[in-house]
Structure formats: structure tokens, C-alpha cells
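In what follows, structures are represented as C-alpha cells.
Each of the two complexes below includes chain A, the first together with chain B, the second together with chain C.
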Partner chain A sequence: MSPILTPPEIDRRHRAHESDNGSGRRPPTDKLTGGNGEGGDNWNDRPQGRRGPRERLSQVRMGLFFGLFAVLMFFIAIVSAFFVTRASGHFDAYSHYVNEWLPTTIPSILWLNTAVLLLSSASAEMARRSMFREVDVMDEWIGLSRRTSQRAAAWLSVTLGLGGLFLVGQWIAWDQLAAQHVFFRSNPSSHFFFLITIAHAIHLFIGVSALIAALIGLRRSHKLASRQILVDATVWYWHAMGLLWIFLFVLLEYGQ
Partner chain B sequence: MKGRLRTNLLRWVWLVSLLLLGIAAQSFGQGCSQCLDNTRATPPAVQAAYRKAIYLLGGTGAALFIAGTLFIRRER
Partner chain C sequence: MTAQHSRWTHHRTVGFGYVAISLAAACVGTVLSLLMRLHLTWPAWSLPLHGLILPEEYLALVTMHGTLMLFFVLTVAPQSGFGNLILPAQIGARRMAFPRLNAASMGLTGLALLVLLAAFFVPGGSPISGWTAYPPLSATALAGPGQGEGMDVWLAAIALFSLASTLGAINTLTTIVKLRGEGMSWQRLPLTVWGWFTAALLSVLVFSVLLAALAMLFCDRHLQSGFFLPTGDLVNGVLLQHHGDGSPLLWLHLFWFFGHPEVYIAILPGMGLTSMVLANFAHRRVFAYRLMIATTLLIGFLGILVWGHHMFVAGLNPFAGSAFALSSMAIALPSSAKVLSWLATIWRSRPRLTTPMLFALGFVSLFITGGLTGPILAQPILDEYLHNTFFVVAHFHLIMAMAGIFGLFCATYYWFPLLFGRLLSEPLGKLHFAGTLIGAYGTFLPMHLTGLAGEPRQYAQLTGGGSGPAGQLLQTTLPLQHGITYAAFFLACAQLPFLLNLVLTLRSHLLATPNPWSATTMEWASQDFDEASTEDKPTGLVTYRGPCHYSEDGVSFLPQWESGATSTLPPE
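This part shows the complex of A and B:
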């Protein structure tokens, strides 16, 4: 038999405080998470769809890229028809095979427009990068400043101006061709020139609308993550339209 | 157990997909006879243009499919 008798309730209380170092303070029993990925705070361990802003950004990017795949296929279909029509013809009354394709002279302003679009893509990228600069993002997240949004808004405004300039340049190109009596139905070649440039201009106009929406979002949206996603998606769309235009321009300039 | 079954299934899907792609390249798709006659009646330059258009469309579609698959795998 033990020489010291301990009442059971005292023994139980003692066991609850085994890590007590004797300083008289109760050690913390409920561990609160202090960030730094502790105690299930790691967002990657959460269920899918609730892993924070990075996951949202990935989802939006994926949706955008799949949408862009569809746009690319649309233009590739037009380009395929372009190749077939360029080689096609018909038999005339004397059984001669006649090819009606007459290459359209591309207005030289399209070179300038291409340079403007490349510049606009560079300014859009500056806007996108400024939205993800870590120190400024932390400042803005804490609420010390709105430097990232202000800087991105400035670059997006430049992009918007250059995009508008590109569209005006395209309008001038169509006007120049019309002055030479080259219209949509003049020739298979002019038909494809107008089809390709107008289809691209419509898609770029959607990009301009997205830029305006992003600028409004930068002012109105309260969540930093939403502003980042908005700018990121808009800029990726803009880059895609720029790349697409370079492909189409090379085709029209050298592929006829 | 479930994970291994899934891996095996995915492996089989990949194998069957590659097999089907290989067969498709060698099967010389015939299409309708009217289209075939029309195409044969065209000069060699037009037939070459058709071929180029088919390669362009098929190549882009395949490239986008592969890029999309890799993209999804990376994001999962």
C-alpha cells in the first residue's frame, strides 16, 4: 500500500496539468492557430473550391483559356477556308479553269496598327505585373495604400487608349481600301481580308470592353483578390488577341 | 485500392486513345462519294490546299486538346 493517499479528484486535476511547469500559470490547452500554415490553416488542405484566391485565379484562367481555344479554332477555320478559296476556281464556257483570286494590297497603316497593338500588350503586361507585386499587394491588403490598383489603372488606361487607336487605324485601313473601290464582295481575296480584320476587330472590341470593366472594377471592387483576377483575365485575353493579330497580319501580308 | 484502380483505368484510357488515333491515321477516311468525286475533279493545287487546310485544322485541334489536357493535369 502506498504511503501517500491521493484523493481521486486531486489526482485527475493533476493529470490535466501535466505540462504545468510550476510557475502557477495554466498552460494553454486550446491551441489557437496563429497563421503560418499551422493547425489546419494550410489552404491546400481544404476541400476543393474553398482553397482561397489562388484557386479562384486558376479557375478563372482555365475558363478563359478554354474560351480562347474556341476563338482560336474559329479563326483557324477561316484561315483554312482562305487557303482552299485561294487555290479554287471554276471552269468557264471554254472549259478553261479560271481562278478569280486577285491579291489585295494591304494598306501600309496595318504595320503601324501592329506596332500599336504590341505596345498595348506591353502596357497591359505592366498592369498585370503591378497587381502582383508582393510588397505593394501586402500594403493594399492591410489597407495602408491602394498603390497596386492605382498603378494598374494607369497602365490599363494606356492600354485602353492604344487599343482604341488600333481600332481607329483598322477603320482607316478599311476606308483606304474603299477609296480604291475594294469592298467586301469585290474579290475572294478582299472578302477574306475584310472577314478576317472585321472578325478580329470585333474580338478586340470585346477586349476594350473588358478593359473598361477592369478599370471600373479597380475602383469599385472591395476585394483585392477580385481586382487581381479581373485584371489578370483581361490582360491574358488582350495578349491572346495581340498574338492572334500577328498571325493574321503575317497571313494577309505574305500569304496571299 | 481505389487509387490503384483509377491509375490502371487511366492507363488503359491513354492506351486505347493512342490506339484509336493510330488507326484513324491509317484508315483513309472515305467520306461521302459525292464529296470524293467533287474533290477528285479539282486540280492538284486545290487538292493540295484541302490537304493543307485539313492538317491546319486537325493539327490545331490536336494541339489544343493536348495543351488543355496538360493544363488541367497541372491545375489538379
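This part shows the complex of A and C:
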């Protein structure tokens, strides 16, 4: 064993030199396609547009997360109104305190819908991961196959089907409540049940539209990076709506 | 989502679109305010082609003036307008992060303005419940002529506007975080960018809360829910049919959670610009630069904790009132730090008193005058007397409206050479400044006095109150009322030199030199920097230091984009 310990940075520089000596031992490393700004080259200091292969992806993701934050605030506003209304009442003519809140019985189909939405999130994640599996991506980037896009399209179609199923399930739940004469206007509690589920369904419908757009984009878009961005953003949005639903479902099921 | 190669999605096009929207809104809003002044002073005066202004029409004027000015002028122009025109160049980028989204949000904002203006023409006319639209009177068509379709149109317009502002803010935030050029670290960002950044954070945080409140109000109006309506509420003798124990206070909480940050969205870009312009023309560094960044963020943060001070007289729990009073007064700390930094920056310097510098100084002056009444109104006890008087009108017009407008004029004069290659005329600009300053103070300072005397706001008529004590009290304010009206007309006429200046300068062939103000920030790096360029190639610019590096002796300066060679300041 050598008595001299090599500091890691020297070790790294040493390896960078021998990276492409023609022996075929390791692939050539090109800084533009390598990764993570190695070798003192901080990509954030590069001109905009030259910050590595994931530059646009990370921009879109950041924009999406700011947008999801706004969506979260939208629901926080509604949920805080939910708690305020649940706790408020009035005094009637006989000085009795009256709280009109009658908890809405949640149709049991919502459990099934939740499971379907969870499954759809899993299949969406499969689509997203398949868009980034390196070996296949390399093939597709070179133009040897479109295996990643095809695989992602298959998973996205599954997600689309499950998402549609969820929306149909929500529709059935509203229908079941209507059959029991529980409507939007019936009670403060039902105001919130319908407001929350419909607002979430609208957001999920946007997600369904994004899925359809991503499926079209997977066929039409010529740039692999654009296809990756489409799938990635759609799937993150889908996950967020799934997570939001679990929170809202728990609130409606146990919080009333 | 590919790189954009279209002029329509170019950030300058989008920025000019926003400025045009707010210019149109400002013209309409100004005319409305003059009509209000005319009616207050001469109630018998009849508007040509229309006739007498009825009380409900006066309330419609109040509502539309507030909505137009606050949403479509003070939010759109500084944040979205100049944000798009200047922001990318100032951080060394060539474009905004999402050009198509940017163009779409501009289009939505324009659509929102059209929808809002349509309220004048629907049956019943425009809504009458103020820009704050308090229920229960905003929740039913029974409350007045404009509360039917007019109110629905208003709701639609503001919902569109919220959506557009959120999308625009997402774009601004992503641009600042992700697209900064080489060497542009967070601490080197000009304070204008920090202003835009904080305002965009606030926009993402609060506009969706407003959207949720609007959706619930819509349900109350049309779907018989009772989110904001108490049980057994009588409006105009009719019992409202709905279920539940809603509370108008809930609307106030949601609305002002949006509404107070909204006024910071309007003023933060102006604060940042004032810092930069003062330093630019005083040839000094910004005093306590990092502290100024911190105070910008702190004002934004405290701004979301103070909404309750709008509700002291609305039936808020007194304990909550105390908490909100404390947080409101806490905002005085970062605000005073900002004022002190502005004063320290120009202290004993020999500033070049150009028109943009004058407007920046005017901003400081108005910010102090308007700000001093802030801690007064933050006291629940004092606010109880003052809340529904003109004192509040004076306060927010000075600190938000006038300071905001001065920030906008400062931006226009300062960046005009960058945007149009020509310098606006200095004599006309100084005339414009003097007239606007005198008009602004002449209009809004006396309102403190009428407010202290007890003049209520949102009252359509002050005369004819009978011979009772209230009538006599209002009679005593009438001479001041006349003065305020004359000053308001003077203020409006003081804008004519500005319009003349614009026309004359745009027609002249006298081109400005590059960097005519000896500025140090990146947008002045080269004049053809993004002239019509929609290509997505690197700018080739590197940021080497923070802004405002002027030498101690006041002879030379180092712009952000120069690697080492100092430039000499031109002789006075």
C-alpha cells in the first residue's frame, strides 16, 4: 500500500487526463454531454442556453413547481374557509346556538377512486422513468429506435385511462349524492364537498389534457429533449394532483 | 416549448403590450376620478350626454376607478410592463423563461381589461361595491343596479386577471432563478430585480387565494351557497335564500390576504428602481446594499402577515387586532431602513438632477409623507375614527398611487433611451415633474385634513345634509373640497407636457449616446443588445461585479460588464 494518500481532487484530475487515451477502456468524456459541471466548470456560470443537457428541463420544472405552489395556495384558501365555516353558527330567535353543519356522508366509491388515482400515479411515474433510461435514451437520441417514447406512450395511455376512470368515478359519486338529495346547495358541508371535489376535478381535467398533449407530443415532437420535458412536466403535475387529492380526501372523510 | 423565434413572443413586444394596457386603463381611471371630484364639489353638475350623476353612479365610479388603477395600472405597469422590458437585459439574459406563456398572460390581461370595461355597457351598469367587493352586498343583485350583471362581469375580469398575474409571476421567477447570465450572482442583482422577484413571489402566493375567494363569491351569487352570507340576511327587504352560516368577515380575510400583498406588488419594483436611480445620479454606491436586499424580502414577508389591519372596524376580534397592529407597525422598520438608505446614498453627494433623478426623489418624498400616516392607521384605536374617512384615502393615494406613479415616470424617463434610442427632453420633463409633484401634494395632502374633520369616504354627496351637526361638519370641509378638485384637474393637466414630450422626442432624429446616464447595470451594456433579436444565442456578456461602482472621487465608474477598465464620467 502506498504510504502517500492521494487527496480526492488530485485523484479526479488524474482520471480526467487518462479518460480518453484511445485504449477503449472508458468512453470519451465530453464536458458538454457529461454531467454536473465537473472539473471546475460550473455550468451556472455559462451563458444561458449553454448550461448542459438538462437546462430547459430544469427551467420547466421550476416554472411548474411555482405554478403548483399557486394551486396549493388556492386549495389552502378553500380548506381554511372549510374550517371556519364548520366552526361557525348563529343564535336563533330562542337564543339557541345553531350550527347548520351536517357532515356529508362520503360515498364509498371515493375509496376506489383514490386507489385508481394512486395506480395512475404509479403508471405515470413508469412513463417518466422510461423517458430517462440512459441506454434507451442514447439509442433514441442517435435515432436507432424510438423505444423510450413508445414505452412512455404506453404508460401514459394507461395513466390516461386510469385518470378518466377517476373522473367517471367522481361523477358517479356526485350522482349517488344527488340520488340521496344531497346537492351543492343543501348544506354548508355539501357546499364544501362539491366545491372541493369539483375544483380538484377541474385541475385533474387539466392534467388529462396535459396527458393527451404529451401523447401527441411524443408522436409529433422532433426533439428528444422536448419529449422528455413534456412527459416530465405532465407527470409531476399528475403526481401533485394525486397528492393533493389524498390530502383533500382525508379531509373530507375524517375532517368533517 | 422550443426556443422562440417570433416577434410576438419577444419580451419587449409583451412588455410594450402590458404598458399599452395600463396606459389605456390609466386614462379611463383618471377620467373617472375627475368625474368623482366634479360630483363631490358640484353635485348639481350634469355630465354632458349623460345627465346628473346619481349616487349609485358615483359608487360605480369609485369601484371602476379603484379596480382599473390598482389592478391594471399599478400591478401591470411596474411588474409586468417594465419587468418584461428591462428584466432580461438587466440579468444578462436574452429572453424570458417561457416566451409563449408570457405572451399568453399578456393576452389574458388585455382580455381582462376588455371584460372589465364591458361592465359599463351591461344592463344596470358597472358594479358599485368598491374594488374590495365586500359581501353581502356584492353577493346579490338586490343590492343595487350594478350588482347584477355588472358584478358578474367584474368577477370574470378579476378572475382572468388573477390567472394572468400568476402565470406572469411564474415566468418572472423562473427567469430570475434560472436565466441569469454568466457571473450574475444573487448579490450582484440590481435592486430592481430584487423588487420584481419579491413582487413575483407575492403574486404566486396571493393571486390564487383571490381566485378561490372569487369562485366562492360566484357560488354565493348563483348557486345558493352561503360562504359569505349570514343566516337570515335581509337585503332591500328581501330575505336571501341560501343555506349555512357564512360570514362576510371570511371574505375580508381572504380578500385582504390578497389585497395587502397586492399593494406591495405595486410598490416594490418602484422601491428597487428608486435605489438604483438615486445611486446612479449621485454617483455613489447604494448604501448598505445587502441590507436593502434583506429589507425588500422582509417587506414582502411582513406584507403577508398584516392583512387584518384593513378589518379593525369590520368586527375583528380585538385580540387579533392587536396582533395585526404589531405586525403592521413592524413593517415600518424595513421601510425606514429603506428611506435611510436612500437618504444616506445621496447625502452630501452632488447629484445630477436629471428628470429620472427628480422623479426618484419625488418617490422618496411621497413615500415618507404617505408612510408617516401608516403607523397611525395601524393603531386599532386611531383607525376606528379614521378608517371610513378621507384620511385613509389620502394615505393610500400618497404612498401607493402617487409613489407608484412617480416610480413609473422615473422608469419611463430613465429607460426611454434604452427602449427608443432617444432622450426625452429635459426642460419638458422638469416641467412635468414640477407640475406632477405640486398636483399630487395639492390633491392628496388636504384630504388628511378633511378626513380628520370627519369627511366620510365613498359618500356620493357632501352637501344637502341638512342643518344637523353632520351637515354643518361637512359644510366646513367644502372650501378644501374645491381646492382638492382644482388640484386634481391641475394634476391631470400636468401630464400634458409629458405627452408632448413623448410625441416630440419620438419624432426627433436626435439619437442618444450609448449609456447616456453613465449607468452601471447590465441593460446598458450595449445598445443593440437585443434590438429585435429573437435568436437564442448567448449574449456574450459577463457580469464582473455588483451594480453602482462609482469611484470615491466621483470621476470614474466601473459598469457591471467591464472586466477592469474604468470609464470616466462625463463633465457636468
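Definition applied: the second predicted complex is superposed on the first by the 206 of 256 C-alpha atoms of A that agree within 3 Å, B and C clash if a C-alpha of one lies under 4 Å from a C-alpha of the other, contacts with A are read in each partner's own complex, and residues count from 1 in each chain.
What we mean here is this: contacts are C-beta pairs under 8 Å (C-beta built on N, C-alpha and C of every residue); 3 or more make two chains touch, one makes a residue touch a chain.
Values in this document were obtained by computation on a predicted structure and should not be read as measured data.
Novice: Since both structures carry chain A, what do chain B and chain C do when superposed there: clash or fit?
Specialist: clash
Novice: So, does A:N187 touch the first partner chain B, the second partner chain C, both, or neither?
Specialist: After superposing on A, A:N187 lies in contact with chain C but is clear of chain B.
Novice: Let me test your reading of the model: by the given contact rule, A:R129 touches which partner, first (chain B), second (chain C), both or neither?
Specialist: neither
Novice: Return first, second, both or neither, reflecting whether A:F83 touches chain B, chain C, both chains, or no partner chain.
Specialist: In the superposition, A:F83 touches chain B alone.
Novice: Give one of first, second, both or neither to describe whether A:R146 is in contact with chain B, with chain C, with both, or with none.
Specialist: In the superposed model, A:R146 contacts neither chain B nor chain C.
Novice: State whether chain B or chain C is in contact with more residues of chain A in the superposed arrangement.
Specialist: Between chain B and chain C, C touches the greater number of residues in chain A.
Novice: Regarding the shared-chain residue A:M73, is it in contact with chain B (first), chain C (second), both, or neither?
Specialist: A:M73: touches chain B and chain C.
Novice: Kindly classify A:S58 by the partners it touches after superposition: chain B alone (first), chain C alone (second), both, or neither?
Specialist: Touch status of A:S58: both partners.
Novice: Which of the two partners, first being chain B and second being chain C, lies in contact with A:L195: first, second, both, or neither?
Specialist: A:L195 contacts chain C only, not chain B.
Novice: Per the contact definition in the header, classify A:S226: touching chain B only (first), chain C only (second), both, or neither.
Specialist: second
Novice: Name the stretch of chain C, from among 56-64, 308-316 or 560-568, that runs into chain B once the two structures are superposed.
Specialist: Superposition on chain A puts chain B right on top of 308-316.
Novice: Shared contact residues on chain A for chain B and chain C?
Specialist: Of chain A, residues 58, 62, 66, 69, 73, 76-77, 81, 84, 88-89 contact chain B in one complex and chain C in the other.
Novice: Going by the contact rule set out above, which residues of chain C touch chain A in the complex?
Specialist: 1-3, 92-94, 97-98, 101, 166-167, 169-171, 173-174, 177-183, 204-209, 211-213, 215-216, 219, 223-227, 230-232, 242-247, 250, 253-254, 257, 536-540
Novice: Name, in rising order, each residue of chain A that touches chain C in their complex.
Specialist: The touching residues are 45-50, 55-56, 58-60, 62-63, 66-67, 69-71, 73-78, 81, 84-85, 88-90, 98-101, 184-188, 191, 195, 199, 223, 226, 229-230.
Novice: In the complex of these two chains, what residues of chain A are touching chain B?
Specialist: Chain A reaches chain B through residues 58, 62, 65-66, 69, 72-73, 76-77, 79-81, 83-84, 86-89, 97.
Novice: How about chain B: which of its residues touch chain A in the complex?
Specialist: 42-43, 45-46, 48-50, 52-54, 56-57, 60-61, 64, 67-68, 71-72, 75
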